[in-house]
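Take a look at these structures.
Each of the two complexes below includes chain A, the first together with chain B, the second together with chain C.
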Partner chain A sequence: MAKLLDKQRYKCALGAMQTVQAIERALPVLHSGPGCAQKLSESTGSSGYFSPNIFPCTSINEKDVVFGGVKKLNSTIENALKVIDADLYVVLTGCIPEIVGDDTQEVVSRFKDSEKPVIYAPTAGFKGNNYIGHEQVVDAIIDQYLEKTDEKEKGLVNIWADVPYQDLFWLGNIRELEKLVAELGLTPNTIFGYKRGIENINKIPKAEYNLLISPWVGLKNVKKLERKFGTPYLHYKTLPIGATETSKFLRAVAEFTGVSKEKTEEVIKKHEDYYFYLIERYADLFLENRVINKQFSVVSDAHYALGITKFLANDLGLVPAKQFITDDTPQSYREDIKKEFKELNFGIEAEAVFETDGYKIHSQIKEHDYHGYPLILGGYYEKELTEDLKGNFLNISWPVQNKVVFDSYYAGYSGGIRLIEDIYTIAVQRFN
Partner chain B sequence: MYNIAVASSDGINVDLKFGEAQKFLIYGIDENIVLIEERSADTQKNEDTCPSKCSEKKDGCSGSGGGCGGDEGISQRLDVISDCRCLLCKKAGFKVQKELEKRAITLFDIECPIDEALKKIANYYRLLDNNQKFSRI
Partner chain C sequence: MAINLSNSNIATRENRIGSITGYVGTLKDLATQSSCGTLKGCSRCFSQSSTCLSSCGLSQLAAIRDVAVIHHGPAGCSVTGASAYYMSKVMAKKRGVTSDTVYIGTDMNENDTIFGSTETLRKVILEVNKRYSPKAIFVSSSCATGIIGEDIDSIVEDVKEEVSVPIVAVHCEGFKSRIWATGFDIADHAVMQEIVQPPREGVVSNKINFKNFFESARPEIIEIFKNFDLEPVFLYCNSTVEELSHISESLATTCICGTLGNYLGNALEEKYGVPYIRSINQCGIKGFETWLREIGKVTGRSEKVEAYIASEREKYLPQIEEVKKELKGLTAVLGMGPGYTFEVSRVLDELGIKVVWALAWHYDKKYENGDVPPSMKYLLDNDINFETSVSDQQNYEVMNILNKYKPDMYLSRHPGSTVWAIKNGTPAIYVADEYMIFGYKHTLEFAKSILDAVKNRSFEENLARRSKLPYTDWWYKQNVDTFFEEAK
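And now, the complex of A and B:
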């Protein structure tokens, strides 16, 4: 029986056109009904050289369902190649053509010899959400665009982390991760955001290592990269926020890539010194225990739920209540992720709940005794709820309505400081 | 049982634009596909009813809606097929598309043999009406 999903926190797999958009000069070509790109119109920061309103689309209708839409797809790709100047054309399919059986792959293969690369990712909504769609797009790049090479560039590391646009800090986070990895003496390579694009995609096969920073999204991709190019990968599940996790992260990367201990500790010390200088200066604020909430809940995808929970428990010494993971994590990853929530400092354990239904999440938050007013870090849906509970609310996950993020970030040492700033900015407002 | 209107010059292929058709072939679909009748689409196309005041009468759409007799002409021609579930013709202009939408008549703007098209559409509607999954594969 059909079910309604209350307060949806992701888009359908076709939302992966955002992943394509995040690659500079890559263009999504949609084989879908008209309006399928409309789902992206709510987010800010998505205009630019290409924006969802001008993505070429076959706009298929009932006629194409009955008689087939491949002709239209062929002409749409053909004309997109003629009139839109892009470096990479990624054909994405919506639900309708996949249900009725258009052979998109065959049509795309006709453009094998075109001047610019045209690839295809199946992103029908019934296959999953845009986290899965993101993986499909990266898979498509690996399978259909990248070519095998024996050439390896010493110290080159591909970094894979957040899902662009779905995560509002995607740009800032990936840049900060790049910086940290570079400080270890490695050369980071990422494909999303300003001045990365096709040239960096071309570098992927030459990398010595793949570094995945995500609880589960992208694991499929780095495994594929390992199979195709023999590049070993490090799967680091926690987004490092703050000193504890970032130092752990740097040590793990250094060990995996063979960076010397001295070099690593030198980098860590430099950052930690400054980090704790800041923490010390604000110790008066932290020790004023009526300012901050005793317990917190994060409502977000696994990436942030895990990263923030570890940070708030390990670095800020807050007590985690239930943490809600809303990205519809595939069953096979869930046990592993739950375990991660049990490994906090001071013997603290957090309970992670996989729940996509907003009503059920809100019921559980209302039922829980936060020993005072709660701190909720979640999507905009939690704002009103937190107000009802007289708690403190910070919008950190999609949907985002009361925050504008250009290239700010929570990753790394300084990202942790940013998060403290954001949380305490809200907390102190209660008293002022 | 429902009807389908077809714009055809030879009774074999869907080959006329909406405005070109002098008549519509009306097919009835239930178990079988049967040609029921031919309906004249030649509404009084004269200068009085033609808002674009096209002096020379010509077939086909001239771009100003003149070919199909302007707004009023479209409306009159659609009245002829108002009991049909869908319309098969080679092409139809924007105004015609919108009018069809209003009247809940589906437009299939295609060029192919009539019996092939009717078979596909009948199969599609049969599955749709019985809440069954439709797939061309």
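And now, the complex of A and C:
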């Protein structure tokens, strides 16, 4: 049902064009109105090999609404193949063709013998948000592009984590997760970012395992991969940030994939030693400042809300106030996610609130007693609110206006250190 | 033009003033064909993404202080709300004012496309009104709500009594027009319909309406206009509903960009007799002077204007002449909206830079009053001609042209366009700030900026050397109009 979407923090399913954009040399071909790509893109960090303003688009007009846009779609795909050099063409539908009933699948099937693969994902805006759209795109790759194989590569692990672009740190995070998994002696395989692309997509069926690091986004995909290729998956719900969670994560991955305890503990010790060398040096900063209190709230998708809550509670000893999950998590996952927020050190439980109405989020933040200056990690919408409350604000979730991120990350041991740096960079600029 | 303020729907630029988005030829041919009525634009069987008219229309409205924009549609349509929030905060801060403008979506889903959601929309409007007490409410449709026939006009009519502030339906279906500037007209139409009031009796004003984008030159223009005893009212960024309600009392309306201001200017003239300044725009020396003189004429302040022009000329002309020596002989390709491309072409000509190709993102054969746009008329009267195409930001066409002509610079006004020129190795100048070439001072700065851009090509060369372009060799060998077909 339609609802009041105040201070919105996600896009529509067609926003998954950014998932395609994150796959090197994969090109979204839009069957949509002329301006969807521009609306759904970020104004910075989008000028890669392909940029949103060069995505081929049927640019549906009034006549196509009446008579259908099938012919235009055909010529758009046909000429996209001629004009633009890509490895994979992903046709994405917007609202109009799905309402007027264009048979996109049929048109796309006409290109099954073309030199380059052309696939199709239904991503009409009203079908869900861009988290759902992201899953649709990955599903389309699994269903329409990947072929069954008996060949398995020993130790090969597909890693699925963030939703590209929606997550500011998608590139850095996935690289850091790869590094950690590789240190266990496994071979990570991911499809997003620099030099991954079609070759890595081709390797997906050969993996021994799928590793999903996300509270809910992508679960559908790894289940599909299990059905199609018999690849077992580990669903690790928390984005590991900092020592406590990352060590836990490494142990879980090692156990699932049969990596020896000895090897795992060796990796963990090496990281923890350095991590706590840094933490020890800066413990003075955590303890002896006059602006950061114990209570914090995160306003973000489930992925970051959970990851950051666990980090700040279990590593830094902060105390979670309400945590706001803004990704419109499907109902079926909610209870399970709520439970995760209740498993913190010392029996501490965080209350996770699923809320897409920013007004209600702001009201609850204003009402809460943070025992002093609140620490709010959220979207740009929380900046002014936090300032009004004399609190500390860090822009970690979409929309982002306070930060430029190329390939920085919060995942892993050193990601935790980066997050601490960001929080205290704000804190040291104040004195109370 | 006959504007009909009793209907919330306005015709698109294509239908109203015969605007086109596909043409390749020369400036002279384009003008001749427009004036004798034979110009027929082309459509394309292959195109790349461009811009949605709702982004233009609703961003304009969301720039007004303390209003509510309610965008009825899926979450992708109302995503503009995120940038609108940011813009209203930073723009207000820049002015030292506050704005509590909100931009709300309705996150319409599949069920709504089958069963409709006007009842929810009604509740959303009332709740937003209760939460924020906005000074005006704009309720917009989207492609999806437009196609399934959500009757936003009736809903707006229904809640009118309950909300007690101006509320108006805004029809922003993105498929309506390939010309995003239609969105500007839609915003103007909404403002004219519900916000602007008839002039109050006995009010004597020295105000002049100034339609612009982001009022970056506001303090400077206020100072300039003091010389003529005129007070500019900048629209719509940081406008208040109260201010807007009285723009019918102003002495005249002017704008920084004909594409942006044309509808409002004509509507105010037609409805309330506020003269609309129709001249070439303020870019460059010729433009600035012509524009000021027209204002002087219309508002009866010619003497003061002439005195100002004389003093400024003395200060700036020698400096501009000096820079011109270094610019002479450089070549340029430019791609901008028609409100700028034919104005900036004139300035480049003035500076001694040769325009080899000008792309206009669309082209209005005539303005609302039926005249050929003044910028075109000027170029023709002065016998300036160059190759021209009309292309709704079709980047592959721009790249084809840049690859063939290898100009010394590419000038563009739209996000996402300059990077491509750079990757081609062409220095690019991003003319985003609408005041970048305004008047003597900024014309001088513009000339110097061009010189800087052309002088240090390190960034362009570094990037061009290392990046592979996504267009195939096949495409570079084709004519620019390969995918044109007869307009349907």
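Brief remarks follow.
The definition used in the following text is that the second predicted complex is superposed on the first by the 421 of 432 C-alpha atoms of A that agree within 3 Å, B and C clash if a C-alpha of one lies under 4 Å from a C-alpha of the other, contacts with A are read in each partner's own complex, and residues count from 1 in each chain.
The definition used in the following text is that a residue touches a chain if its C-beta (ideal position, glycine included) is under 8 Å from a C-beta of that chain, and two chains touch if they have at least 3 such contacts.
Here the structure is a predicted model, which is why all the values come from computation and not from measurement.
Bringing the complexes onto one copy of chain A puts chain B in a clash with chain C.
Using the contact criterion defined above for the overlaid structures, shared-chain residue A:Ser46 touches chain C, although it does not reach chain B. When the two complexes are overlaid on their common chain A, residue A:Gly101 makes contact with chain B while staying clear of chain C.
Once chain A of one complex is fitted onto chain A of the other, the partner contacts of A:Ala302 are absent, as it touches neither chain B nor chain C. Once the two complexes are overlaid on the shared chain, A:Gly68 sits against chain B while remaining clear of chain C.
In the superposition on chain A, A:Leu5 makes contact with chain C only, not with chain B.
When chain A is checked against chain B and against chain C, the one touching more of its residues turns out to be C. When both complexes are overlaid on chain A, the residue A:Val157 reaches neither chain B nor chain C. In the superposition on chain A, A:Ile420 contacts neither chain B nor chain C. According to the touch criterion, the shared surface of chain A, contacted by chain B in one complex and chain C in the other, consists of residues 62-63, 65, 99-100.
Those residues of chain B that touch chain A in the complex are listed here as 106-110, 112, 117, 120-121, 124, 133-137.
Listing the residues of chain A that touch chain B in their complex gives 62-63, 65-68, 99-101. Taken in their complex, chain C has these residues touching chain A: 45-55, 72-83, 85-86, 89, 102, 104-113, 117, 120-121, 123-124, 127-128, 131, 142-144, 147-148, 174-178, 180, 392-393, 395-396, 415-417, 419-420, 467-468, 470-472, 474-475, 483, 488.
Contact residues of chain A toward chain C in the complex are 1-15, 27, 30, 33-40, 43, 46-47, 49-65, 72, 75-76, 78-80, 82-86, 94-96, 99-100, 124-129, 328, 356, 359, 380-381, 383-384, 398-399, 401.
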